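Going in written order, the chains are labelled A, B and C, and every chain counts its residues from 1.
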Amino acid sequence: MKGFDLFKRASAALVPAAAAAAMLAGPLAASAQPAQRAAADTRTPKQAAPIDMTGNWVAIVNEDWRWRMVTPPKGDFPGIPLTQAGRDKANAWDPATDGSCKAYGVGGVMRMPTRLRISWVGDDVMKVETDAGVQTRELVFNRDAPAGAAPTLQGFSKAVWDRPNLVPAQVAGGIQVGNAFQPPGGSLKVVTTHHTDGWVRKNGVPYSENAVITEYYDRFADPTGQEWLTVLTIVDDPVNFNTPFLTSSHFKKEPDGSKWRPKPCKP
Amino acid sequence: MGVVDPLRLVRALAPAAAVAAAATAALPGAALAAVDLGGYYAPVFHEDQPERVPGPDAGEYMGLPINEALRERAETWSGSLLTIPERQCVPHPSTYGMRGVGNLHLWEVRDNATQELVKYEQHIVWEAQHREIWMDGRPFPPEWALHTWQGFSKGHWEGDVLVVETRNLKPGWIRRNGLALSDKAHMTERYIRHGNILHHIYMIEDPVYLTEPLIKTNVFRIMDVPNMGAYPCRPAIEVPRPAGSVPHNPFHYKSDIEEFAHRYNLPVEAVEGGAETALPEYLDELAAKKAAASGGSSR
Amino acid sequence: MTRKNNRNRCSLLAGLGASVAVLAFAATPAAAQSSHQPALQDQLDYVAQHGEQTGKFTIVPLRPLVQVRGQEGVVTTQNGIYVIQGPDGNSTVQIGPEGAVVVDAQTKANTPELVAKLKGLLGPTIIRFVFMTNGDPERSGGAKELREAGKAIFGGNMAGQVSDLADEAVHMSHENVLNRLSGVSGDPPADEGTWPKETYAEEEYDFHLNDEGVQFFHVPNAHTDGDSLVFFRRSDVIVAGDIWDTNTYPRIDLKHGGSINGVIDGLNHVIALTIPGNKQEGGTLVVPGRGRPGDEAEVVEYRDMLTIIRDRIKDMADKGMSLEQIKAAKPSYDYDGRFGATSGPWTTDMFISAVYEGVKPQRQRGRAAR
């Protein structure tokens, strides 16, 4: 009797039905569910692409302009979280090596004033070409770097589609009233290793061969309908940087490759 | 005796709960996001640190899609303007705030009854820039409504990307060296969370001063230990001047641009900015143009 | 299970069912209040309640009427200040328990519609006081129609004996407005209905109505020589008149004593009166002659712009450049995209000319512009 009297008082206080049921339902509430993943996707990476990165893109250089469009003087690297070792190497840079392909390695090439040409090679490799430095990167899905592979300037880039978390089923009052669903969209996440050392800036700011370079590619349209591609680059290199070095570059879609102007770098 | 079986009560309540849930689901802007952007973030200044922290040089306009009118306005601008009392406590407008200094706190505000996301609130420490990003589908205010530094912002989800549109802005700026924006500017932002990184992209349109949308991207890192502080401000007369004085440079003042170009060994034309200066081929084409003109100025 | 338990179970379910109804009703998203921009929030609440009224006349609430319950349960009405944007510019109205103060009419043709709009807004409140910030037809043309729509507070010994004074609202302006409209200053006399029936000639005039002080400040030789600011002190609203226009450069009526220096001085006077809220936002609100209202920061922006343009033109004039040469140099082009015009009643060209007249060296000044 005592227990039921307590319920009477609760109802008399007009506890909302959902809250009351939730109190009673307890474990039926979904609020503490961890993020879920959709069932296994059998489509190829090309088929499953949530964003279309293919086409011709041009860098819009309105950030770090005087460190990207021209080679800055030796020792000019404000804001870069260099360790003392990284600072020493940067200060030892020889300006006679300006134009070296080291600046066009995976850690720095996306920061260059460049055009990109992005296409699929088969269903599980995305090719990214740059006219600045005439470089080619392969973003590889569903495979790891071959064992014993020699490091290269562009390294081995493992790609995966990074989709939004599954939205859990809607629950009200402990009762499921909607289904879980996968929101649209997503990014491309690329992690690159097995690369040689290089420069994040044209004036010799270094990254080592042990750096792990993570990128996130996002695509969207601006209010005028113009398509954009942004690349968030994270260079994690404890040898040269005391925190991961973060940059974000943006590219505008072009209708064709008519403005492609290859400019080789110096090997 | 008299003890209610909870499971029977739940089954009895199911129709009522379904009504409530249906009512909730039918509401405009029911924000079913796959990610919570809330948190305390520190801005990362690995890009454009001199411009964003100590401040840009006067005359530094490379890469920006500014028109001739904005160039003149910026050349007229004097840093001394910031010393007049009416300018001292002005916060960064939302068109610049995410570029500037100050830790960021972003948090959800939900309706108590429905748990629907009503708005995000955002606070940046420097000059206490406080914004509300309405997520409940309410309309933009009329053009005659008061314009504010942060403007009126509405957000919606595109997947797990928060897209925010802002209008009703006061005249603001895109850089702290006189590159102004008019009160006709609009802004569209994208907030994207990648792990512990907040990737912020904004696009600004201004029919008065920009030849095309300006895109900028900023990066924030989640803070392990929140660190937000107050930022009170009260103006003070630091530089005595006659009442109504407005410090400014003379008409067609080129000294700042020329000094900057000289200091960094850059072409003056590049320093003057304009959309073309952001393109990879710009400097080559400028050099070619100059060579064709036998070394004369192309402007 | 006993009958008593059945009744208790039914009571519980009924109670919870009622809760569902409450929940569904309450499920519309809460109008979560903005605590950081109260003046803007007032406007948004007004729009949410009344809708945006567009068209020939738009009601812009600056301080919408609120009822405040005091400690003793007494309800008082805080004065409301509204701007009515019309085809001839802004009219401003203060509404309170003693009646309404209206600042600026429209032209004679448009004022009847303004009056109709006002009556819709005022309800039973009577227009007591009509004030014109200058003598332009857009401000004074409909003065007669406006004051006849109201009624002064009149009584005491003269009650019932001076009927004409009690049959309409008080109508007041600066003395120079009367001089202009009555022909004393040389213009052909305007319709007598536009003449203010009371004037002030000092720097400032004040009175008290609706529980707040109202001040008029003369702004000499600005848009004209008869301009006034109106300051509703407790409502913290300044009507700036035609020295501030959020659509165009200020109209400077040289023929009637206007000058760029007077406009800038007037704006500086406004800035001296305004007290902004936190972080230079809100606080004292300012009503322009045309365009949307704003706060101190936007008046400062406008003042700065005019000061810079004036200084440029003065500098060129001091160097001996002619007006045509100055115009060719485009001294305002960095602001023309926002405030300039190449056609219409007030163009950039006319503005430059007017500024030039106010700053050209003495040796170039022939006869006075009037």
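The rule we apply is simple: a contact is a pair of C-beta atoms (placed from the backbone, for glycine too) under 8 Å apart; a residue touches a chain by one contact, two chains touch by 3 or more.
Not measured: the values here are computed from a predicted model.
Ranked by C-beta contact pairs, the top interface belongs to chains A-B. Most remote chain with respect to chain C, judged by CA-atom centres, is A. Chain A and chain B have CA centres that are 22 Å apart.
With each centre defined as the average position of its C-alpha atoms, the distance from chain B to chain C rounds to 31 Å.
Per-chain Cα centroids separate chain A from chain C by 52 Å. For chain A, residues that reach two or more other chains under the stated contact definition are 4, 7, 16-18, 20. The set of chain C residues that touch two or more partner chains comprises 5, 8, 12, 16-17, 20, 23.
Chain B has residues 1-2, 4, 9, 13, 16-17, 20, 24, 113 in contact with two or more other chains. Note for the complex: chain A touches chain B at residues 1, 3-5, 7, 16-18, 20-21, 24-25, 28, 35, 50, 58-66, 69-70, 78-81, 112-115, 131-132, 162, 164-167, 170, 172-175, 177-178, 183-187, 189, 216, 218, 220, 222-224, 226, 228, 230, 232, 234, 245-250, 259, 261. Considering their complex, residues 2, 5, 8-9, 12-13, 16-17, 20, 23-24, 26-30, 32, 34, 36-37, 39-40, 43-44, 47, 52, 54, 58, 60, 85, 264-265, 268, 271-272, 276, 278-282, 285, 292-298, 300-301, 303-304, 307-308, 311-312, 315-316, 329, 331, 333-338 of chain C touch chain B.
Taken in their complex, chain B has these residues touching chain A: 1-4, 6, 9-10, 13-14, 16-18, 20-22, 24-25, 32-35, 44-50, 53, 62-65, 113, 157-161, 186, 188, 190, 192, 194, 197, 199, 201, 203, 205, 212-219, 221, 264, 266, 270, 277-283. The touching residues of chain B, counted against chain C in their complex, run 1-2, 4, 9, 12-13, 16-17, 19-20, 23-24, 27-29, 67-70, 72-73, 76, 81, 86-87, 89-91, 109, 111-114, 116, 118-119, 127-128, 130, 132, 136-137, 141-149, 152, 170-171, 182-184, 207-209, 233, 243-244, 246, 248, 250-251.
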